[in-house]
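Quick one: the structure is below, questions incoming.
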Amino acid sequence: MIQGKKMLVVSAHAADYVWRSGGVIAKYIKNGAEVHVVVLSFGVRGESNDLWKKEGATYESVKAERFEETREAARLLGVENIEFWDLPDYPMAPALDENVRERLIRKIRDVRPDIILTHDKMGEDVLNPDHNAVSRFVFECSIQANSNGVRIEGTKTTRQMRLFGFEPHQTELSHFVPGELVDITEVYEQKVAAMQCFKAQSHLIEYYRQRAFLRGNHIRRISGEQSYRYAECFSSFFPVAGEELV
Amino acid sequence: MIQGKKMLVVSAHAADYVWRSGGVIAKYIKNGAEVHVVVLSFGVRGESNDLWKKEGATYESVKAERFEETREAARLLGVENIEFWDLPDYPMAPALDENVRERLIRKIRDVRPDIILTHDKMGEDVLNPDHNAVSRFVFECSIQANSNGVRIEGTKTTRQMRLFGFEPHQTELSHFVPGELVDITEVYEQKVAAMQCFKAQSHLIEYYRQRAFLRGNHIRRISGEQSYRYAECFSSFFPVAGEELV
Amino acid sequence: MIQGKKMLVVSAHAADYVWRSGGVIAKYIKNGAEVHVVVLSFGVRGESNDLWKKEGATYESVKAERFEETREAARLLGVENIEFWDLPDYPMAPALDENVRERLIRKIRDVRPDIILTHDKMGEDVLNPDHNAVSRFVFECSIQANSNGVRIEGTKTTRQMRLFGFEPHQTELSHFVPGELVDITEVYEQKVAAMQCFKAQSHLIEYYRQRAFLRGNHIRRISGEQSYRYAECFSSFFPVAGEELV
Amino acid sequence: MIQGKKMLVVSAHAADYVWRSGGVIAKYIKNGAEVHVVVLSFGVRGESNDLWKKEGATYESVKAERFEETREAARLLGVENIEFWDLPDYPMAPALDENVRERLIRKIRDVRPDIILTHDKMGEDVLNPDHNAVSRFVFECSIQANSNGVRIEGTKTTRQMRLFGFEPHQTELSHFVPGELVDITEVYEQKVAAMQCFKAQSHLIEYYRQRAFLRGNHIRRISGEQSYRYAECFSSFFPVAGEELV
Amino acid sequence: MIQGKKMLVVSAHAADYVWRSGGVIAKYIKNGAEVHVVVLSFGVRGESNDLWKKEGATYESVKAERFEETREAARLLGVENIEFWDLPDYPMAPALDENVRERLIRKIRDVRPDIILTHDKMGEDVLNPDHNAVSRFVFECSIQANSNGVRIEGTKTTRQMRLFGFEPHQTELSHFVPGELVDITEVYEQKVAAMQCFKAQSHLIEYYRQRAFLRGNHIRRISGEQSYRYAECFSSFFPVAGEELV
Amino acid sequence: MIQGKKMLVVSAHAADYVWRSGGVIAKYIKNGAEVHVVVLSFGVRGESNDLWKKEGATYESVKAERFEETREAARLLGVENIEFWDLPDYPMAPALDENVRERLIRKIRDVRPDIILTHDKMGEDVLNPDHNAVSRFVFECSIQANSNGVRIEGTKTTRQMRLFGFEPHQTELSHFVPGELVDITEVYEQKVAAMQCFKAQSHLIEYYRQRAFLRGNHIRRISGEQSYRYAECFSSFFPVAGEELV
């Protein structure tokens, strides 16, 4: 039951959450979930190669464009709760200090998510060290948010939530282990529209269209459900734990 | 939703399905699922050490006792559909020939299960080669049952079902990867009663009681659900594939 | 240097070599290599689901159609040396007996390949046990073909060749480890044409088109070579071994 | 031969060394070894959930209780050499700076241990990032203590010692690989008494009782030695290296 | 304590036990252990490349030479109990039938070994399928020998023994995991002499001399014991299980 | 084609690049490549055990000796472009700050290498934490050097290069995966001469001579090329990606 679920998405750069979980975000919102997105950086240094090719590009001009693009993409996915923390990237690890840690623990305790989506913890993103740093950081903050002894003024300890990892760009090279496949057929066009906000990256738009098609083939094959056409895939930080086998 | 689900359990020896999935079996039956059990062998050679210690024990006397015990255990779990195929064990691999293959494919197509439970495929049971042979065999038969081109008189191709592996006796040594934890609190006493049918194996009864307690701790920790007290754990042959993250 | 190389491709079923290595086969032939293909079975039971849906389909009618399709696909790839061994499939393992072993060793010694392409040995095809059986079998035969003590009338011991594994359908689930990516841009249309011979499997044609696109993205990213557009990926049975780092 | 051995135990939080190695510590002391324990933090933030539930709990009040509990537990295990370094926890990584590094190298060189026990290095504690940080840190300090070029006033280079990792709470999820199982039957009651000092954590006391029982089953099964009833399990940082196979 | 130990070595081909465990065998015999060796095949097809190069070599002539060589090597190692079962090789798997199984179970029950040495089970010998088949087979027979229900006229159930795997020729490629390193300095010259019996394989003699030197470096580094000069390495089928950490 | 290639070697300590890649460096230079070496530290604390044994050794005296040795070794290998960054070691991680990061990115952009050789990223050097820190750091800098958005005055973005990892001292314990074996027969004597510059480490000179011999055996076995006598082995950070299978 998606209705009433709370989800927190933590994205290292401005577009990660769109490429990797835009379908699930749109689907959850459409079906009555409450989705919050934290974008840690605009990816000015690490994920804006094409924007830097424009004549006269500066750190500020690139950042402004990234901001416009990602804000529009969020709107198209139906995201109303989004924050831009504007950290530096490439490398991001040095910026993930104790202030940002407290801020993220606070955010988790404010949202009280059932589900956290972030970069994959299982493996290691073979081409993007920022993603690995963010994954570990979000994981640690989630554990600390759940710990009764981590006292932060005005916050209340959370209960263990589910954590899932984004599929990285090059999956096998990053030792990605598929944990859950989710059908996104009903919001696929919405995801495509959101991806198209990143105008300078047409090759990535096509790339993630085709990946959704391939994952659609996989989910049909594994579930036997022929109506599924497009899917997104995530790793699981923990085993499934509940009342029955799923 | 357990109600209406169909489950097929394939057990290498007479007691495997009780120790390793007795809780889930009882829970599924109690909540309206249809459960079928196939016991491939009585485990006379490989899993009846204690019975052989009785004065005058013979292959037939051990087998008769195993049969009585497991039939009674099944009754206590609520199992009405159980078959004993009486294959030799230790080793079992040579007995898994093309006749048994056709028989199992036919069984799968007759039951048309949503879920198959059998020995773990992921790792390798470090102390029981029969379990490994059965796991591979059941997996292959499931693929073949689903294949339209495998024509067996009087049967109809099945649709891809879910497969789960039993937790082996020594989990880490067998490279077991927990995929799903299922709360069995409501049927825990029933499972204990079923285990007690295997009178000569009191150390195993205690062993699996304590394992259910440990897995109960794990499922509480992972789910945040404090009412769970006892659990069973299974590996997943495939990723979760469906409408939402679970 | 492709010119003058000898390649032997061993395919479990009628279409495996087309989906998984059609591009490399066509490229090697086009550039002067000598390519031999052995198709072990027609995949009548395991890989002809759609053909069996035709009214009145029989083992013989399905086989005849598979034969026509694969012969035409081979022709479009430029393959002149192809053999159909017509083994049963699903399961194929029982058919891989000592006669087939001698036949394959003889074939290897006749062809004297620099490269053998077959199903992936590294991992385990999660949905196709035949592929695993064939991979192990081809590997064993290659070792035996190279062994001076394996005396077969009229054959001469081969020298260690390179072995590569096909990318399976569901890569991560099969623990596939990418070893080498090969650009197939110049023969991509030829591969598409060959795939279209398998008329009943339009979803697979699209699937492998999109995979070639994704692998094209990966090879560009890893090599920095922007002219690559489509690629195929293989696992390596052995490390690269030669005069320099590649 | 335990008699005369020197052991250094490094525990991230106040109770880790009791749950995870209390049996081995008590056994070594009882049989004539010299055991030193360093408790890096009191676990006020990360491992005192229950104490924080008390009305009016503060950082200082929780710390005082943890100190009393762990001091008493150490006494019951027979530990005479114990130090409390009172580092912050959750997260602990930022506190493991160059001063703490020098202090730990000095400690290692003072004790000159044959054996170091600490958190598991092999895998990754799935629910406790502090444990991972401590494991890496202790390992690095041990290497540096053994290095002749790491000059610290008043210390003398140590010789390579053995390192072993604690079994984490959720073993498979933390990729724990059992390296050595040690019978603790003769001191089991002593360990239980020590665990009971942590009054607010009765569920953990029962958890680690049952784990000792399960590991007792495993050690009997693997060694064939029927007198073993309770055991603790550790990972090995290095292979066994000596005069014979063990 | 080596004195009084019983060891059973099962070697796939005529020289495997010499290259891979000749040092440990000689050391155990010299120090009062009882060592039994079973040589399953003479390796005529798979491991006699050089002998086949002799003019006029036949299966029988190669076999006779292998027999002379290995008998002499065994004598130099001090082995008095050795059996040659003369199975075919390359492939050996088809020969490991139920008769050979009963024969090996009987052998294990007759010898009642504390230790079984055979080919590595952990990984997969990347260049020798026979080794993998033998490893699995010996492991299965050991489990069955220990099982009270496996009744073989005139034999008595054994108690769980220790199993160790030979280091394969190409270790990393075979996923070999070093479990135990054993110093063989005192018998190193004896091992060299035994290896020199295999006259046609001078490159292997040098290879295994140098490996003993490298493993000697490793054992010194890990144990801190500077008197060790040469060593052999084995994988462990089970964790160490006993009275203390080793 | 080695001729014209550019290679950058980043070595944690003064001798790492000689033991682990001296052969490849000499071969590349001899055959017309341009090779640059960056030596991050002199290894005064971590890799100079023997020099510290000299009476009156000080940090400065040890450093001076290391400098002389490594400069002479570089000369013997034919290296003309070598820089000594003189960072502290044991631990080195704290020294790898944002200044060093910018310096290394600048170096990469100045050299514009086709190949970067550094410490192994795949596994984890089991006995040397500095090597792991350097591997991650070099990898991150390479990604950032290739990123258009990482703007550093006076530098120009590089194109994706190949990265390879040194074989560590204890390969299996460090989870080293051989990716490429390179024949170094023609420069073997040159490598031996360079190694002999490290006078205090005669055991290591012999160790790496014998390793080159073993890797020579492996490369012959895998390539079938009998003229190869000595080799070095490296891990691959990425799959091979190009025009053909190699």
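A few points about this structure:
Note that the chains take the letters A, B, C, D, E and F in the order they are written out, and that residue 1 is the start of every chain.
Here, a contact is a pair of C-beta atoms (placed from the backbone, for glycine too) under 8 Å apart; a residue touches a chain by one contact, two chains touch by 3 or more.
In this text the structure is predicted, and so the values were computed from the model without any measurement.
Comparing the contact residues of chain B and chain C by number shows a mostly separate set, under half of all numbers used being common to the two copies. Between chain A and chain B the centroid-to-centroid distance comes to 38 Å (mean Cα coordinates, whole Å). Work out the mean CA point of chain B and of chain F, and you get 53 Å between them.
In chain D, the residues that touch at least two other chains are 127, 173, 178, 218, 221, 238-239. With chains as nodes and touching pairs as edges, the resulting graph is of another kind, matching none of line, ring, star or complete. The chain pairs satisfying the stated touch condition come to A-B, A-C, A-D, A-F, B-C, B-D, B-E, C-E, C-F, D-E, D-F, E-F. Within the complex, the chain D residues that touch chain A are 43-49, 51-53, 59, 62, 90-91, 94, 126-129, 173. By the touch criterion given at the top, residues 1-2, 24, 27-28, 115, 159-162, 164, 178-183, 218-219, 221-225, 231, 233-234, 236, 238-246 of chain B touch chain A in their complex. Interface residues of chain F, counted against chain A in their complex, comprise 98, 101, 136, 139-140, 143-144, 147-151, 237-239. Those residues of chain F that touch chain E in the complex are listed here as 127, 169-173, 176-178, 203, 206-207, 210-211, 213-214, 217-218, 221.
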